[in-house]
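These are the structures, in structure tokens.
Okay, so chain A shows up in both of these, paired with chain B first and chain C after.
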Partner chain A sequence: MLEARNVSKTYGRTKALAEVSLEIAEGEIVAVTGPSGAGKSTLMHCLAGVVRPESGEVVLDGRRIDTLVEAELTALRRESFGIVFQFGELVPELTAAENVALPLLFNRRDRREAMATAAEWLARLNVSDCADQRIGELSGGQRQRVAVARALVTGPRVVFADEPTGSLDSTGGEQVLRALLDTARADRTAVVMVTHDNRVAAYADREIVLRDGAVPAGAPR
Partner chain B sequence: MSTGHVLLGLLVERPKHGYELKKEHDHRLAGAKPLPYGQVYATLQRLERDGFAEVSGTRQEGGPERTVYSITDGGRTELERWLNTVEPPAPYVTSPLFSRVAVAGTAADGFLMRQREAHLARMRELTAQKASDVPAQVLAADYALQHLDADLRWIETALARMKEDDLA
Partner chain C sequence: MIDVLRMLNRGRSRPERVRAWLVMAGAGVATFLLCTAVSLVDVRDDGASLTGLGLALLALPVAGLVHQANRLASATRERRLAALRLAGATPGDVRRLGALEGGGLALAGSLAGAAGYVLTHLSGPLPQVPVVLLLMTAAGAVSGLRAGRQVIASPLGVVRRARVPGPRVRDLVVAVSGAALIAWGAVVRAGFPIAGPYGMALVMTVGMVLLLVGVTMAATWLIRAYAVRAGARARSPEALLAARLVEANPRAWARALSVVGLAVFFGAASGAQQAATGYWQAHALVDVALLLALVAAAAALVVHQAEELIDLRRSFAALAAAGVPERSLGGVLVRQAVITSLPVCAVAAVSGVAVVVASAIDIYQVGWLGWAAGRALVMTGVGVLTAVLVALAARPLLRGALRLETLRGG
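Entry: the complex of A and B
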């Protein structure tokens, strides 16, 4: 469904990715792991259409996305991809419900309809109580749940998550991860999560290990 | 770990027969090797010989008549002592994983990559077990997961050191 074909990317003199090829199936949950500086985030950004590779192709449902013009790419990202950032990256001036509705409003959905859909997603992630609260009033775990709801609200094909839980040492982090993955599994949404934590990776169906910007020979891909 | 002490711990609540003890052992120590019946009875006899447990009657619940054991005062003292004994923290490195790498040196990198995969596959199984939400199973899975994670982090460090040695 989502494919990287010989993708390379260089920052200055640093080769961040060297001819990386991989394929992610519909509904598959994949962990991208490896030491820091191995190219995990760069790979995620290339797959998500945030960064353009220098060479190679990124293909979603048979269509090359790395060659799209910016406007097409933005539209595709809004429609097909959701992103959960490590620190939530929610808009502090807005309420939880407004934050979740935001991607729908960007997609030109009617405001009342968008707010109703947002409310459903907050309920699915057990944070209905927070709907009218501003982000600053929420606990860390509640924020993460709101961020997950926002990533999933458009019914994307793929959700990208960069260190989605921060730390698993609190059981709260684990609950957020389970909420994300259970919901994604139920909706057949693929998840690509970047993590340095093996215990987070163990929640995935499969692991892709990066070393020095490449998938080592013999490693699973 | 001493099976005798675990059985004493299970007898503290109330007198129990061997079959009950086996079932409770396997439930409470989820993730441990199931306790063979033979070992339950042999251990109970040893506890009786040492004065830590005694036969307090028999019980029949539809099946065969079973001997019921209870803990003695001496058994309670012994259990208390065991529960409060600090385990010597890893006096020796006894892992087969470590031994192989120590013998193979930098040639172990291929093995370490395959071992890494095997560890992660087991971690995926344990993570799936946690979805059961049975507290004893979650506790056991957490224990196993964090130990496997420690191995994996050591594997990463070992691979990084081998790479440095190659470059040196």
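Entry: the complex of A and C
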């Protein structure tokens, strides 16, 4: 479904990715691991269409996405992808429910309908009681659950998660991870998780190890 | 303390140097205008006094811009505050450094402005120059002292106060007191015991100053009330986001728009007075002054917009990465400008007209009232348009805030 073919990316003199190729199937849970500076986040950003690779191709359902114009890429990210960041990156001025409804509203859904769908997703992730609270009033675990709900609310094909439990303690992190993966499995949504934590990677169907911007020979892929 | 300040100044970053030049230039212009305004005031010549008043009014927005400019480069300054605390400075030392820096910059700028005035008015009155110098320096010190008050600097780092103070009841009390004094003066008119018509002038002047200060302070209430209403009625995500962002921090918007509000207030008042009394030439000068005041107001808004985008950059970058178009986020900025400037400008314009009508009700005619109302409407539109144009011009700043690097490294 989602494929990287010989993708390379350089920042200044640093080669962040060197001809990386991989394929992610529908509903598959993939962990991208490796030490700091290995190119994990850059790979995720290339796959998510946030960053354009210098060479190589990124293909979604047989269609190259790295050559799309910015407006098409933005629309693709909004409709087909969801992103969970390490620190949630929710809008603190909005309530939890409004944060979850936001992607639907940007897809021009009716406000009442969007808020109702947001409430359903908050219930699925066991944070219904936080619906009317602002982000600053939530615990770290609650925030990440809201962030997961925001990433999943549009029914994306792929959810990208950048260190989704990195800001949480082990118990809170495990709960958030289970919530994300159980929901994704139930909906056949593929998940690409960037992590340096082996315990998080153990939840994935497959692990891709990166080192110095490449997948070393013999490493899991 | 001076030595510390000198060392810090040597290591100024580029944005800090821009801020320093902006503060000095603003203080210089304000000093020049105030000195000239005082020299023009003549109790026997209404036209000259009106021109002087116009110049004095122009100094207000410039002073507002100086205060706003003191908030520029806050990120660099906050890191510096934390480093100072780590080096053993007390919170009082940090505050004093801010005051010294603000006062020093204002003094340097004022000296240049005063020199400009003296050179161009060698035969004119000069006693006001040291007074204006002193006033501007004190204002700069207070501004520097207050610029960092939203920041708690500790040796371990710097945090912005999580809870931004909301509207305060005392803001409303000041505005209502001002309106009450104006109404009192209009009712009693020449019947004040002992002081007679001078009593009315005094009461009206004090009332106008209180109303002006009160309306500026109470803008927080207005903006928040309007934002709550706009948020409840929002049909688009841009409108919802804009309303909630404003609702969360109306005070910052009120501060930034105070300069626009002042320009609209005086613009509307000047139009109403023009309708009643004439003095077309003097009013034309006041209009030019107001136009320049709006430019200063726009500069103050740009500073605010830059500061707000720094605060919002992570949220906005995350939204952009999740597929929200830059155009939509630009739309949020424009809607914020409308939500905040519309109530402020409308109330400022109505207050400006009301003050003049109340003080000159005996000579007012229906036709003049129509002219005054039209002028109030135009000034409201001009104020809102200024805010919207600034929001549109902030697109490059927005683009910078949406860069992905913002989201890296926590």
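The criterion applied here is as follows: the second predicted complex is superposed on the first by the 218 of 221 C-alpha atoms of A that agree within 3 Å, B and C clash if a C-alpha of one lies under 4 Å from a C-alpha of the other, contacts with A are read in each partner's own complex, and residues count from 1 in each chain.
The criterion applied here is as follows: a residue touches a chain if its C-beta (ideal position, glycine included) is under 8 Å from a C-beta of that chain, and two chains touch if they have at least 3 such contacts.
Worth saying up front: this structure is predicted, and the values here are computed from it rather than measured.
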item	value
Residue contacts with chain A in the superposition, chain B compared against chain C	C
Partner chain(s) touched by A:Arg199 [first = chain B, second = chain C, both, neither]	first
Partner chain(s) touched by A:Pro35 [first = chain B, second = chain C, both, neither]	first
Which of chain B and chain C A:Glu207 touches, first, second, both or neither	first
First (chain B), second (chain C), both or neither touched by A:Ala186	neither
Partner chain in contact with A:Pro216 - chain B first, chain C second, else both or neither	first
Contacts of A:Glu98 with chain B and chain C, given as first, second, both or neither	second
Chain C contact footprint on chain A (complex, rising order)	41, 45, 48, 50-51, 71, 74-79, 81-83, 85-87, 89-94, 98, 102-103, 105-106, 111, 136, 150-151, 166-167
Chain B-facing residues of chain A, complex	35, 178, 197-199, 201-205, 207, 209, 216, 218-220
Parts of chain C lying in touch with chain A, wherever the complex brings them together	162, 234-237, 240-241, 244-245, 247-249, 314-315, 317-325, 328, 404, 407-408, 410
Of chain B, residues touching chain A in the complex	110, 113, 116-117, 119-120, 123-124, 126-127, 131, 145-146, 148-149, 152-153, 156, 160
